[in-house]
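Lettered A, B and C in written order, each chain numbered from 1.
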């Protein structure tokens, strides 16, 4: 087993991992601000994929414009979901969780009824390969990695420097103190949910050309996202990034030695092991 | 000595809530724990009842170490408490609240409970009678079937006390038992506490009503910023300059 | 114990028992018998799920224990040559045994982590059923040719279980046992303590209740009954596939339980009965079924989270308030 092969495998895993990290960031952001575990998060990812299908594949809109569109549309859908549904369940974690199960079914069934059950393929935005340090990667993957990283950087800048972003962090830490400081809690909660969903939508848009678009495309990424945030610590953004990198590396290398089904199981077993030893994850707050 | 705290400390991350606290509580006394806000009194209660783990030191009750045990085990050994906010099972009835609190005396093994053997039924009946008696003695007989969450404040306080008594604990820890009560209600409660002492119970309480504390307690321990600054009879405490300083200092910082 | 409002447990159980006997009297049509049998099996699953929820735990892996019971029984009968009747006892015990370490692990964490870790177990077990020990578990094609329950020898002859009617009676008997145990526990001290744990587990702990032991006991017993349902499922369905024990059927169980009302032991009964019928009506329209259930679940959790069983109480209270305010209004006009 050459080092090159290992690195190539890790790199391939990394290409997927960055997208899953985006999804995980959205999920953990929502949890940190609103204390909600949104089981329907994968459906917002799917929504991003479908926006991409229609805008890019069907109507021929420029791919990068499509990405922007996906972010905006799915973000708006997230805000709507918070305003209409989750707003009424503050403080009731179990009920919010059950509602998110219902929302998952509503969104997925609506998609299946509207779009049909079959996969729809989206053409690649870019083609060709690049060589990175003697290893091969498709240009498409590179675009995915670069764009995902850019989005993560943008999120970081937003949370650290933008007033709304800082307000979100304040609410995540201590909602009462934030309210006393004059933060508009309702707006922050709605926007927080929106941003979290927008990240998932972006992820769906990025992977739409790589895998097919289908109503059930959100199932796998959301499961990966849950694994990532448990490993990294629920509510922790750096934890999501680190957890995602770890998962990507483990899965990338894992596929060299075992079947993909076994790799999936491995991910879950890691989750259980982590929860046993360190329930709050790498960076989680108790 | 019924209860001994030996050099107990508790740290939360960077915040030192309690430092090197040593104190003893004698049996059949009413022992007050006072101090300005943030002095660490509720933390001490949480440490005593096993809700929080100690950072260092130990707590000894009836000669045996209790620090590090689960709260349910500590209750079994004879320590029970009320909480600062009236913490009750709000959806359950008043009677059910006391029946739950009687759990240590009522619980039977799984199979007798499942089948409903004669022994189980007898045990439940006697626990129920005991609970009703307890409610009556605290003036709650009329509201026994009402939802606990719907009671007025005074009755909720009385129910909290009933629940603690239902555990038959020897050491009863009360967190602000007189908060929110009128003068008459406070006097009634104080009479109940004195009666409990006469029956052989030991009471450790936190209170902000200074007249009540001075009138009720045999011994008072004063905390400030997690450190014991004085201990003695009410007379000693009232004259103690360090105590006056601590309270005045608190007054000034609030002004 | 305070007298609880609503149905007396004996009466409720009696009604269910009588209704169960009435079904095969009213119909011999195999379609209706099938539906009724499935309803009884779902009742065992939702009653046991609700039992776990009575201490505040939503165990997303509940259906996995059904799967363990199912696969264990299938293997004991087909590979180890056991009689169905022996495996009916042993397989749920296997499920209960597995529940002990799983429960211990899951109960180390609380709230949101608990949902997620039990979901992780759900997925691990589903993947396990789908991909591991393919020779024994059937892999992605499933485990087939599981025999019906073996004939039960009696003094006059033997009861065979090839027809719908004997299978119905078997499930009915299993249901009666499960319902008797779970209803009885709910109305005993067990149920009282469970309610206390659900409301405020810290308070219960400081009053002497060993909360972790209680929750674990509930988890194991609930999983045992899920295993019982699994055994019946394996030998009546005769085919097992990992997708029978995945997220979708688990969410369906949650829907049945919650829509009826998880606070009361009768909630799952109402929910399962109502929704089993709806399920049958929507059988051809799978996606519509999912859509409707999802929407109903959301509406129920938002508007009346205590479920359908709480509706009569809510309506009478609303009417009382209406009457009360009318009386006050009248009084105001009459009095000076």
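In the analysis below, a residue touches a chain if its C-beta (ideal position, glycine included) is under 8 Å from a C-beta of that chain, and two chains touch if they have at least 3 such contacts.
Note that the structure is predicted; figures quoted are calculated from it, not measured.
Undergrad: Could you name the chain whose CA centroid falls nearest to the centroid of all protein CA atoms?
TA: Measuring from the global C-alpha mean, the nearest chain centre belongs to C.
Undergrad: Measuring centre to centre with C-alpha atoms, which chain is farthest from chain B?
TA: A
Undergrad: I'd like to verify one number: the distance from the centre of chain A to the centre of chain C, where each centre is the average of its C-alpha atoms, in whole angstrom.
TA: Once rounded, the distance between the two centres reads 33 Å.
Undergrad: Could you put a whole-Å number on the gap between the CA centroids of chain B and chain C?
TA: The separation of the two C-alpha centroids amounts to 40 Å.
Undergrad: So how far apart, in whole Å, are chain A and chain B when each is placed at the average of its C-alpha atoms?
TA: Measuring from centre to centre gives 48 Å for this pair.
Undergrad: Any idea which chain B residues touch chain C in the complex?
TA: Touch residues, chain B against chain C: 49-51, 70-76, 80-81, 83, 87-93, 95-96, 99-101, 103-104, 106-108, 110, 113-114, 116, 120, 124, 128, 144-145, 163, 166-167.
Undergrad: Name, in rising order, each residue of chain A that touches chain C in their complex.
TA: Residues 31, 35, 37, 85, 88-89, 92-95, 97-99, 101-110, 112-113, 223, 226-227, 230, 234, 259, 261-262, 264-265, 268-269, 271-272, 275-276, 279 of chain A touch chain C in their complex.
Undergrad: For chain C, which residues are in contact with chain A within the complex?
TA: Touching chain A from chain C are residues 56, 58, 105, 108-109, 111-113, 115-117, 119-121, 123-124, 127-128, 130-131, 251, 254-255, 258, 287-288, 290-291, 293-298, 301-302, 305.
Undergrad: Within the complex, which stretch of chain C touches chain B?
TA: 1-3, 181, 184-185, 188-190, 192-193, 195-196, 199-200, 202-211, 217
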